[in-house]
Amino acid sequence: MARDDGRSPDQLRPVTITRNWLAHAEGSVLVEFGGTKVLCAASVQDSVPRWRRGSGLGWITAEYAMLPRATNTRSDRESVRGKIGGRTHEISRLIGRSLRACVDYKVLGENSIVLDCDVLQADGGTRTAAITGAYVALADAIAWMRKRKMCNGDPLVDSVAAVSVGIVGSTPLLDLCYTEDVAAETDMNVVMTGSGEFVEVQGTAEGVPFDRSTLDALLDLAGAGCAELTLRQREALS
Amino acid sequence: MARDDGRSPDQLRPVTITRNWLAHAEGSVLVEFGGTKVLCAASVQDSVPRWRRGSGLGWITAEYAMLPRATNTRSDRESVRGKIGGRTHEISRLIGRSLRACVDYKVLGENSIVLDCDVLQADGGTRTAAITGAYVALADAIAWMRKRKMCNGDPLVDSVAAVSVGIVGSTPLLDLCYTEDVAAETDMNVVMTGSGEFVEVQGTAEGVPFDRSTLDALLDLAGAGCAELTLRQREALS
Amino acid sequence: MARDDGRSPDQLRPVTITRNWLAHAEGSVLVEFGGTKVLCAASVQDSVPRWRRGSGLGWITAEYAMLPRATNTRSDRESVRGKIGGRTHEISRLIGRSLRACVDYKVLGENSIVLDCDVLQADGGTRTAAITGAYVALADAIAWMRKRKMCNGDPLVDSVAAVSVGIVGSTPLLDLCYTEDVAAETDMNVVMTGSGEFVEVQGTAEGVPFDRSTLDALLDLAGAGCAELTLRQREALS
Amino acid sequence: MARDDGRSPDQLRPVTITRNWLAHAEGSVLVEFGGTKVLCAASVQDSVPRWRRGSGLGWITAEYAMLPRATNTRSDRESVRGKIGGRTHEISRLIGRSLRACVDYKVLGENSIVLDCDVLQADGGTRTAAITGAYVALADAIAWMRKRKMCNGDPLVDSVAAVSVGIVGSTPLLDLCYTEDVAAETDMNVVMTGSGEFVEVQGTAEGVPFDRSTLDALLDLAGAGCAELTLRQREALS
Amino acid sequence: MARDDGRSPDQLRPVTITRNWLAHAEGSVLVEFGGTKVLCAASVQDSVPRWRRGSGLGWITAEYAMLPRATNTRSDRESVRGKIGGRTHEISRLIGRSLRACVDYKVLGENSIVLDCDVLQADGGTRTAAITGAYVALADAIAWMRKRKMCNGDPLVDSVAAVSVGIVGSTPLLDLCYTEDVAAETDMNVVMTGSGEFVEVQGTAEGVPFDRSTLDALLDLAGAGCAELTLRQREALS
Amino acid sequence: MARDDGRSPDQLRPVTITRNWLAHAEGSVLVEFGGTKVLCAASVQDSVPRWRRGSGLGWITAEYAMLPRATNTRSDRESVRGKIGGRTHEISRLIGRSLRACVDYKVLGENSIVLDCDVLQADGGTRTAAITGAYVALADAIAWMRKRKMCNGDPLVDSVAAVSVGIVGSTPLLDLCYTEDVAAETDMNVVMTGSGEFVEVQGTAEGVPFDRSTLDALLDLAGAGCAELTLRQREALS
């Protein structure tokens, strides 16, 4: 089956990871998965939330948002509506959990890092691009901290990358673009470490429930995709 | 390994499904998974949201909430805080998606059903209990509609049940209670149809990433658990 | 005049007070006045609001809410609307004031008790049922505190119960159910101590203003009703 | 017992009712009960809320608020806090209910009148001053409507006035100022029609529950006070 | 060109500045520019916002609001809508900046003054009337502080007044009333010190852009108007 | 006086206007004034706000926002805080007014254009860069509409550009960067048409009031700056 953009089913879109896109942030990355562009900024703070003070442990959080015209049709700003939508909440939490999986809080010390992932342009896979880019911004922010001796040793215990997979017209596809995402019967986001283990698996039947062999095929595809993204992250950081 | 309450690793807690717990709702269920008690109310409306009008298709949504003292420590009301938290949003969306998987919108016609799942008491697995109970409330609401000829035929194409599984001290456990949930290295919620296919798989590494064989063991456990819950739903409805 | 459910004008609906309905709360009661079911949870905190710190005095507050499908037609959640309605505010404040009338703050010490009154099912008189049930939950919470020596002596100086009365078709009726409440020309909620004094009297003309003799008749009826509810509370607590 | 300002226990503070204080409103009154100053504006709208359309009936609502420096200590604006407090909600509802008691909705036709009662300066009794002044603003707004033939006949079936009464140091006092209100053991707000019947009775024990004879004494005092306020309203309107 | 109210183009409306309009505030003024009436209250607090603590410097802020029926058509309360509108925000900030221009923070010491400017009736120029009146309330509040030795010397380094100017039908006009404001092609608000220098110049083309000579003519007119308002402030304060 | 970046007092920073930065928007520009980067997206809608329907006239609005890490220190998201700040409101309104000055609503027809100006990186002058870039995005959106015959003729009657000027250490400077902005005694934002007339003049004394000759010097500087920006806009659009 030929995909609209000519990719093979197990092929990623062109991935670009541009470091230091912003002048002020301790780490910042513009990550592109094809037409999806996410600006990831890592902000270091030498304190932790109140509930964690005195523990000697650090903290990582993330906030995800979309610019109003990132999408084909303009959507209202959540600041104007006065509240954050369910989807935004859900993705912010996913990004935070994913990045926390590769950090040793003790080594980080009582410092926090906030990852702001703002989607400038959306074409499917914004959350997986955000996680993949945010890891690189996080690594840069941690390097910045280490230069200033803010932590004892390296708090990064592994790397983290993410990709979407799905079944479109019975075919398992890697890294869905927007039109594929809309057409998918099943949609899965997989977050994995650089050493190939799972951090998060979120599979959803859109319309048709799926069986175990479909699940297995999607996990295989995602494993290969995350491994490739891990390489891209390493190249970008070297 | 013995569990605190003496269960074997692959054993559900006592499950109770009490139908018609409320006088006014078209369908209502008090579902209990051990100490977890969720009141599920299905409300029928003979209209659909604005964006769906004129389509001839119905709609299903869900709202999840916890009473302030459902938990060991009292938590503030979201109505008092003036906004809904990320966790609430995430679970409400999960319940809605799960139940939509077993409904044929065309047969439902331009009617909506809202599933309110209010946790009266929490002891782990509130979202999976909510899905399992909400399905029964939904079935009762649909029976109520069919008596009134609001839909042509049966819009229910399958049943839906859900269970949590996790790794505690290297052992895969079914249907985690609160203390097990807190101790789990990996935590997974699985939603399945009565015919044994997946509707939603959400696995999260809490602390330690997990490998494929762990994932497989958890899916096996969840499959057996959902099959048993499906039987309980059938018993309750018969 | 015969009432719909066959009661005499001065007769309460069947009253049930089930203690320890919840596992976690220091005191909890499911109170039923006929079809009205309110879950009352008392939560003890070993601190007081900021404005009261250092005074040596305790504090009691209450929060009232209704589940969306407690009523015949589903109502939106206040958490979803992002604000608390006027009726909810008014009733929460009434419950708090009523219970504070039977507590000696000095003996309570710098501790707080929050009474959460959540209406699971509504059939008129939800606020009076809430007060009557919350008193029992409060008594249980105070007993819990005394076992742990959190207060010097008994902070409860009296008991508190409440009932609604109204004029329907010129007849004064005790403990109105929903259909009577809607039909009432005058509606009064009366909160009294176990020793027969008034804590709160709130009478409202719905449509037709009322004269002093009507007011007197309603107060007589309420006095008898509260006395009977006081007995039920004592039975439940013994 | 001498009161701070030399009044006898059954004496009102100086009452001033200044009509047409505002240029734009259809009815407007600056009402003063001693140091309490409330600006009441009646706004006529030739429509009714959605739920009342097509009924042929009118509607009356009220909104109460306090300027931040009406009181001795500045309080934050509710617009800045982003929500309306419980006390504001409660008083707005009371004013609305009270004024609705003297209006015939059928004669009013499908028109609405909003009564805005803004406390410019507070010295106790702001809600009773607001009701007393709002009635006069309402009467002026209705006269304005009748000139324009917006209603068939006079929708005003009676007048409405309100006063506070309370027990201070065992003595029943009429029209409490702020320092008396703070010192009161029992506090009651009474709304009555010009013909001497009750519209609303709200009595609250502040600290000490009260008996029936105290309640009777307070109602007597309030009856005389409302009768006098009714005279002042008539003088102002003639 | 004759103006509707017979004024010459360079003539202010009748200006009234009534001091001590409120009993509780440390400074308070009812300022009237023709039909525009603004109540300005200055509240002294012996503390500063968190970000300024320990600096030895004081702070001045302002909040502007309109009563719902200040205008010809009733507008909703911002407290009811749950948020402050853009116009309110903008004017509050302008008033605060303007008054800060005449205060020496060091002499003020770590004290704050909040200026509440509430428009009771609006007929154009509410923000300029608010600034002009707020200055007088501020001067009274500072005199109150100096009596209590809260500051070392006089923190007021100058006075501040404001006026609106605009082009209506090609003629530059001083102090626009509402109908003139609506008809203006260009609208400018100018804030000046008593010594004749500019604090704020805000000119806006409404429809037609304006050239430099128009700007110059408007600034001349505003300069004369502010000088006259400065005299009125001095008279009021003497 | 040498400026930090070596510019002469009347020199703009390097200005870059990149068109079509986004794939979906009808017009989009990344505008850079030195280190200030603003993404401007123009969204066309074939409808107008409710209050303008049936008038035959179009409408233009703007929304301004800053990404949390656009600045040196991370700031909280307005969506998370649940409300829009005063500064954001003020700038959004300024951008909207400025762009409306160059559009003929009749020719635009009943269509709307929303200009979203999101600051990706801030180094002073974000609002003037936003206006300058938004004009180009607007021009592109209008070209897009004209291709689709959505308007009769060209609704653009002129162009609009903006620049900041200020007094730093007694010297009037053009196009202040952030450190200059902080140090400025007087700060002015000037919006002008391509034909050299004023759309908006906003001058603020920061600390020291300014005299007429200072104002004149700043206006001269701004005039030259806007003329140069107009040239850059023309180059970008050709």
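Letters A, B, C, D, E and F name the chains as they come in the text, with residue numbers starting at 1 for each one.
As a working rule, a residue touches a chain if its C-beta (ideal position, glycine included) is under 8 Å from a C-beta of that chain, and two chains touch if they have at least 3 such contacts.
Everything numeric here is computed off the predicted structure, so don't read it as measured data.
Averaged C-alpha coordinates give centres for subunit D and subunit E that are 33 Å from one another. One inter-chain figure worth recording: subunit B and subunit E are separated by 59 Å, centre to centre, where each centre is the mean of the chain's CA atoms.
Our note on geometry: subunit A versus subunit C, Cα centroid distance of 50 Å, whole angstroms.
Residue positions of subunit C touching 2 or more other chains: 82-84.
Taken as a graph of touching chains, this assembly forms a single closed ring in which every chain touches exactly two others. In ring order, beginning at subunit E and turning toward subunit F, the chains are E, F, A, B, C, D. Subunit D meets subunit C in the complex at residues 83-87, 89-90, 92-93, 97, 101, 158, 188, 192-193, 195-205, 207, 209-212, 215, 219. Put simply, subunit E touches subunit D in their complex at residues 22-25, 28, 35, 39, 41, 43, 45, 63, 65, 67-72, 74, 77-80, 82-84, 88, 114, 116, 118, 120-121, 123.
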